[in-house]
Structures are given as structure tokens and as C-alpha cells.
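Worksheet: the structure to be examined is printed underneath.
Chain naming follows the written order as A, B, C and D, and within any one chain the residues start at number 1.
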Amino acid sequence: MLDKNGIAKRIAKEVKDGYYVNLGIGIPTLVANFVRNDISVEFQSENGVLGMGPFPIDGEEDADLINAGKQTITTLPGASFFDSALSFSMIRGKHVDLTILGAMEVSENGDIANWKIPGKMVKGMGGAMDLVASAENIIVAMMHTNKAGESKLLKRCTLPLTGVGCVKKIVTNLAVLEVIPEGFKLLERAPGVSVEAIQNATEGELLVEGDIPEMDL
Amino acid sequence: MLDKNGIAKRIAKEVKDGYYVNLGIGIPTLVANFVRNDISVEFQSENGVLGMGPFPIDGEEDADLINAGKQTITTLPGASFFDSALSFSMIRGKHVDLTILGAMEVSENGDIANWKIPGKMVKGMGGAMDLVASAENIIVAMMHTNKAGESKLLKRCTLPLTGVGCVKKIVTNLAVLEVIPEGFKLLERAPGVSVEAIQNATEGELLVEGDIPEMDL
Amino acid sequence: MIHKGVKDAQEALLGVKDGMTFMLGGFGLCGIPENAISELVRLGISNLTCISNNAGVDDFGLGLLLQKHQIKKMISSYVGENDEFERQMLSGELEVELTPQGTLAEKCRAAQAGFPAIYTPAGYGTEVAEGKETREFNGKMYVLEYAYEADFAFVKAWKGDEAGNLIFKGTARNFNPCMCGAAKITVAEVEELVPAGQLDPNEIHIPGIFVQRIFQGKHYEKRIEQRTVRPRN
Amino acid sequence: MIHKGVKDAQEALLGVKDGMTFMLGGFGLCGIPENAISELVRLGISNLTCISNNAGVDDFGLGLLLQKHQIKKMISSYVGENDEFERQMLSGELEVELTPQGTLAEKCRAAQAGFPAIYTPAGYGTEVAEGKETREFNGKMYVLEYAYEADFAFVKAWKGDEAGNLIFKGTARNFNPCMCGAAKITVAEVEELVPAGQLDPNEIHIPGIFVQRIFQGKHYEKRIEQRTVRPRN
């Protein structure tokens, strides 16, 4: 079973040379730490920066320089700043190659819910609805089950949706799955996790074809 | 009767303190020469400059600095450059206070034609269609009649339209006229020009109420 | 040059009234119009509708107006990190219209640019699109979203000149440029106000035509919401 | 940093073919992609559709492609000052789609920003709106105009870096920024190409994400169409 860093590490392998990548809050933010340094990648944050670097050295943080998670950041050579309209032009216009975001629920047809629990929690969708409605390459990073042990990979989402039929790939603490017309296709198992354990943690249709390899991290 | 500079001089009186003004090609360009210098006005050119100044001194012209008539220009303190989308945001968004442009024909309901003579001449509308569709304060600068002596103030335009029901005021070599629901209301006569002469040169409905003063230039 | 400079926030906010709709720039606490917000608190006007990507934190930014119950309705994309906000929202004291971030930016830009409405794919198939017109273009579904109408836009820039030209800094730019000229009156506060002619016309982010009043703000706190650092080696 | 630099116009234009649709920046002869145009002439490809505000003059800019009959269709707002153009248009050799200038800019921007279509008031009630969908918003009529689809966009900037970031100069900016990222491949030519990190991230007009290939152009002529001066005292 993977921890959050493990999930981030596995997702980092999906990041290819030349990609512009938007990382959501939470586990996705960790992905930047694991991207191979022999490839060229630029991170976009929808609040208006392209070419994000690591967090600043203690004492050098700048209140005018944050990411979409409101964390202080730095920029790398080749970075640029822009306004929110141009930022979402990048996203809506499909100039961002890969979007990685968290989710509360994903359904077997690729719907995603991650912004609201009616009557309980409403933080808002932020840029997530724009991202999932536009991106062609969306990877969801999340725990396979919630704190109560219930599956987050469902037949149908129960929470208000963020987007419909948009998720292509899911990386959880247990598995890597692809969303295909028939359901969740199991691609890889986390180290030491059995197909049966994944099956038990998956409410939606799980498709298992042949031997399922363990992740190569 | 006025010459082109006379028309420009009369129109300059319509330019008020604090106005952003877009000047079309031809007579409108001359208006800048006659605006009172005790008021603050900024000239916008739709190719992407606000705060245009006079033409450059011979030898100081810059190929990267032109107006919408492709003439070399200069800028004044407070000027700014921007792209075509933002330029038309200024125009469409009604941030430009006054638009002055030429016309081939104007009709008594405020339609204007100035971009095409079918089978003969098609230069294109440039920014004129955006300007007339958006501006709330449009003044047309033109000769009252064409080279053949025919009226350019018509019941209905005969040429392809640039915009419908948009012209508010017309300044010609003979008169100042306002477009009201009933037709062309005569406001002022050019020096030495009789109401009768204006009537003869106007095909559209001309409304003459009381004594018509001579322009005060 | 058309002079836009005013003395201070008090003069800049002349005309704000109960029940008005405001746009406020900023993302989180980054690039927010601190002086305008302070003046709104001082004036104590209420029943306000505020269009702003976020709602501040409990004791800073728009949180200050929420504390005083001056806001009737918030239009935002993300309102986490604010307990008082969540309390007022869940209790029904505060009306909240959550809007996707890109849609929010573009509804401001539509108002700035004279577009009545836009078609965006964001929110299609979700409750955000409920009751809204949708339409297919090239096999993809879009939602029709209307331009915002606001009385005042309050924005914060880094530098500005007396002609109203603005230059923003870093990610403090965010929604500020999109809101300039998107309301009847745009009020810009800047850290440094210079005479016209001192800013390079090529480097101006927002031309003065979109700004009606500009003033040099005071006492910028520029609070950091999530200070995140790595150790100095 | 994602590297976008290529050696020259020849490498930058790899993949252009007969029958393609191109966007070309510039207003009149100001800010036109001179090197890309020269390379298109050299390649001799034809049946092109060109989206460009103007069509150059007889012997410069897009006029060079017109002379060689490489262009099948022009989409422009203003095509005066070009005798060969007028001849080809009136004779029917050249197809011409005249589009209001603001609409042209926004149809490019729509393609850049992922909007399928826009509602603009420009052209309502004129032959430009014939056969197009119209709609009333708040008592005013608008025309629905679709985003352009193009294979290549050729733009010209003043400075650029290896990451594809662009800075334009003066009114040579015009349509160039609106076309970046509005075609499948955007090719930027610049007067000065610098390593990434040398341009201030705050002063970049177009971020490199909208540009696929960038090169330093040669022999810029920057011809002036209407040299207008006042005498030196």
C-alpha cells in the first residue's frame, strides 16, 4: 500500500518531457518532488504563474508570489506571470498537457466529485470545474477508500459533481486504474496489494484482465 | 462652406474634458489639431495605442509606432500599448467616450455606410463596424454631397451598411445635424451657407425649427 | 493625459452605498485591495454583493466585512479557510453563489469587453449549470454564462500613474486586471503612484481608460496565508 | 523550462502544406512576421487560407504571397492599399471574407482561450451578419461568431526567450498576442532571442505555453506604409 508520497511518486511517472502540468492541492502538489530531472516540465498554477519552482528558502518568501494552494513559491528561469483570464485560456484552450487533482469520489464513467458535501462542507470548486471540463489528460490522485473505509471508486458519484465523464486515469494508495467505457480497468497494483484487496475496495465495475503487474516505482 | 479643416475644427468643439476619443481615417484625424489645449483628452487608435501625440519630427519616425491609418505617430506621457483584443474591449465595452468617423452615406434613421461600393471598391470595414455597433456617441465627419453633387444624407442608404441606427451627429461642409427619430435635425449652418442650400443638398428628411444659427468656429 | 489620481481611499470610495454590487481583486489574500476593504468597513455600508474569487480569512480581507455582516451575498469560486464564512453560509445568513474560477474571471472580462455572455465548458453536467442554457458546439457541451454587472470594482496594483495605468506584481495580478473596467466605476489602489510618463507604455498591464480613480494605498500588510518554505542549507 | 528554440525560419515552418489555414500577425506592415512570409514564398506552397487583419502592400508582407498566387482565401478586416489584391478579388481569383477588426481579434482569442463562439454587436444589420445567428441581450442585438481554426499561427515579437515567452514593442503588438496559441502550431519570430531567465516574468506579454517554436529573425525591413512627420524646427 502506498502513502501520499508513494501516490505522488507513481503519478510522476506519467509526466512526460515537454509537458505543461497543473497540480491541484494536496497529493498532486507532491508530484513535483518526484518528476525526473532529465526531462523538461513546467508547472502552471491557475492563480497566474507558469514555471513554478520549489518552495522558497526560509526568510525569502514573497507575499506576492503564491500558488493556487496559497503557498509561497519561487519561479524558475523562463517563468511568467499573467492574469486569471489568460490563465484559464491556457486551461480551457487545452494548452496545459496534464492535470492532476484530488477527488472525493470518482465514478466508473469518469465523473468526478471534489468540491462539496451538502450540508456539511462547501469550500467551492475553485478552478477544478474549468480544469476537468477542458483538460484531455486528467489523472486523479486519491486514497482508494475514505476514512470510514468506504470505496471512493463508485458506480455513480453520490456527491455533487465537479465534471462529467472526464477522468482518464486514477492513482490510489492501492492501484493504478484507467477509466474505459466498461468501467475501471485495473492496470497496476501497489506493492504488496492483491487484486482481491483492490476488488474489495472498489464499488464500481472493476475490470481485471490477465496478470496485473505491481507498480514499478 | 467649410473645407476639411473647418469640419475638423467644428467637431473639435464636441470633444469634452476627460474624453477618450477614437478618430477615424481622413477628416477625423484632423480633429486632434483643433482640440482646446486647456482640456484633457486622450486619443485611442484601435491598432493598439492610447495617448497618441503629434506626428513625429522628421527623422524620428518609428516603424513600430503607427496609428490605425498606418501613419507614424508619437505618444504622450501616460500612453500605453496593448493588443487588438484589449483595444476592442475598450471600444465594445464603451470605455471610449467619442468616436469620430467618415462616411459615404448616412440615412435619416442613423444608418451609416462607409466600407464598400459593390463591384467597384472594397477596402473593408476595418474597425468601423465594431466602433459604430458599440459607441454611444458617434459623430460623422463628411462632405454633404459626393463628387457628383449628390446628397450623402439619404432617406435610406444605398451602399452596404456599416451599422444600423447608430449615428447621433453629423458635421459636414455645410451644416451640423442631429439624427432624431423624425430625421436630420438642422442645428447649425456653415458660415455663409443658407438653410435652402442645405435643404437642396439633403435627400433625407431635414427638420428645420426656428432660426438656424451659423457655426461659431 | 486624463487625470485619475485621488487623495486617499475615502475620496476614492465616494458614492458607495448599501445594496451595491462590488468586484474585488485578489486570490486568497494575495493582491487584495486592503485599503478599499478597510474603508468599506469604516463606512459600515451593508447588504453588499461581493464578487471576489475568495472571501478572505476570519480576520483579514473580505473576512472583515463578513464579521460585520456587511455582505448579503458572495460570488466566489473558493471560500475555504474561513470559519465565520462557513458558519454564515450554512446558517443561511449569507447567500453564496459558487462559480468556477475560470468562469468567474471570464464573466468579469465579458463585462470589461462588452460581451453580454460567454459559452464555457466549465460546470456542464453539474449543479452549477442547473437552470442555465446549454449548447453543443463541435460535439462538446457548453454553458451560457452572463457578464457580471457591478457598481464598483476595487483592484490592487503594484505601480500606477496619474493617468490610471497599472502594473501588477507576481501572482498578485490574478483577477485584478480582469475586473478593471468591468464595473461602472473602477477604483485602483497602488503601492506606488507615479506621475504620468514614468511607466514604460510597453509594460503597462492595464491602460488607464479602464480605471476611474487611483490612489496610493497605505500600510499594506500583505498577509501570507500558507507560508511554505524549505530550510536554508 | 521547455525549450522552444529552433534554428531558423526553415526549421520553424516544417510541416506547412498546400491548403492549410494560417494566422499571421501584424497591422498594416507593422509587426508582421517577415521571415515566415519569406519562407512561405520560398516554399511555394499554395491554396492557402490566410487570416490576417490586412493583406500587405503589392510588394511586401502578404502581398508577396498574393503576387505568386499562393493564397486562395483571405480573411481580413481591411485590404486597401493593395492593387494586386483588389484585382484578384474583383476578378474572383481570390476569395475574400471581410470581418470586423474587433471580431477578427476575438475569433482568434476565442481559439486561443477555448471558447467555441462569441456574441458581438459588430456587424449586426449588415451583410457581415447575413446567414448568421443573431440574438438579443438586454435590448441589444448581437451576432454569433465562431472561433477560427488554423493550422499555423505566425507571429512577430520584439524579444523572446528559449522558453517561448514573448514581449512585443509599441503598436507592433496588435494581433500577434491574440494569435498565439490560436492555431495548432504557433511559430514566433523575434528580433532578439535570449536564454530563459533574462526576461522579467512580470513583463512577459505572452507566456511560452502558447508558442511551439521560436527563432531569431533576420534582415527585418520594417517598412513604413504612411511615413507622416512634422518638420524639425
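FYI, a contact is a pair of C-beta atoms (placed from the backbone, for glycine too) under 8 Å apart; a residue touches a chain by one contact, two chains touch by 3 or more.
Source: prediction; values computed, not measured.
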Next item on the list: Would you mind naming the chains that touch chain C and likewise touch chain D?
Entry: A, B
Item checked: Selected from A-D, A-C or B-D, interface repeating B-C by over half of its contact pairs -> A-D
Notebook entry, point to check: Roughly how far is chain A from chain D, going centre to centre by Cα mean, in whole Å?
Noted result: 36
Notebook entry, point to check: Between chain B and chain D, what is the separation of their C-alpha centroids in Å?
Noted result: 28
Item checked: Residue numbers of chain B (touch at least two other chains) -> 49, 81-82, 85, 88, 91-92, 134
Check: Which chain D residues reach two or more other chains?
Finding: 109, 114-115, 120-121, 168-170, 201-202
Next item on the list: Quick one: label the inter-chain contact graph as line, ring, star, complete or other.
Entry: other
Note to self: Can you give me every chain pair that touches, using the contact definition above?
What the structure shows: A-C, A-D, B-C, B-D, C-D
Checklist line | chain C-touching residues of chain A, taken from the complex the two chains share | finding: 45-49, 54-73, 81-85, 87-88, 91-92, 111, 115-116, 119, 122-130, 133-134, 160-165
Next item on the list: Name, in rising order, each residue of chain D that touches chain B in their complex.
Entry: 27-31, 53, 76-81, 86, 89-90, 96, 98, 100-106, 108-109, 120-128, 158, 168-178, 205, 222-232
Note to self: Could you list, by residue number, the parts of chain A that touch chain D in their complex?
What the structure shows: 18-20, 40-42, 44, 49-51, 75-82, 85-86, 88-96, 134
Note to self: Using the touch definition from the top, list the residues of chain C that touch chain B in their complex.
What the structure shows: 1-3, 109, 111-115, 161-163, 165, 181, 195-197, 201-202, 204, 207-210
Check: What residues of chain D sit close enough to touch chain C in their complex?
Finding: 114-121, 137-138, 140, 142, 146, 167-170, 201-203
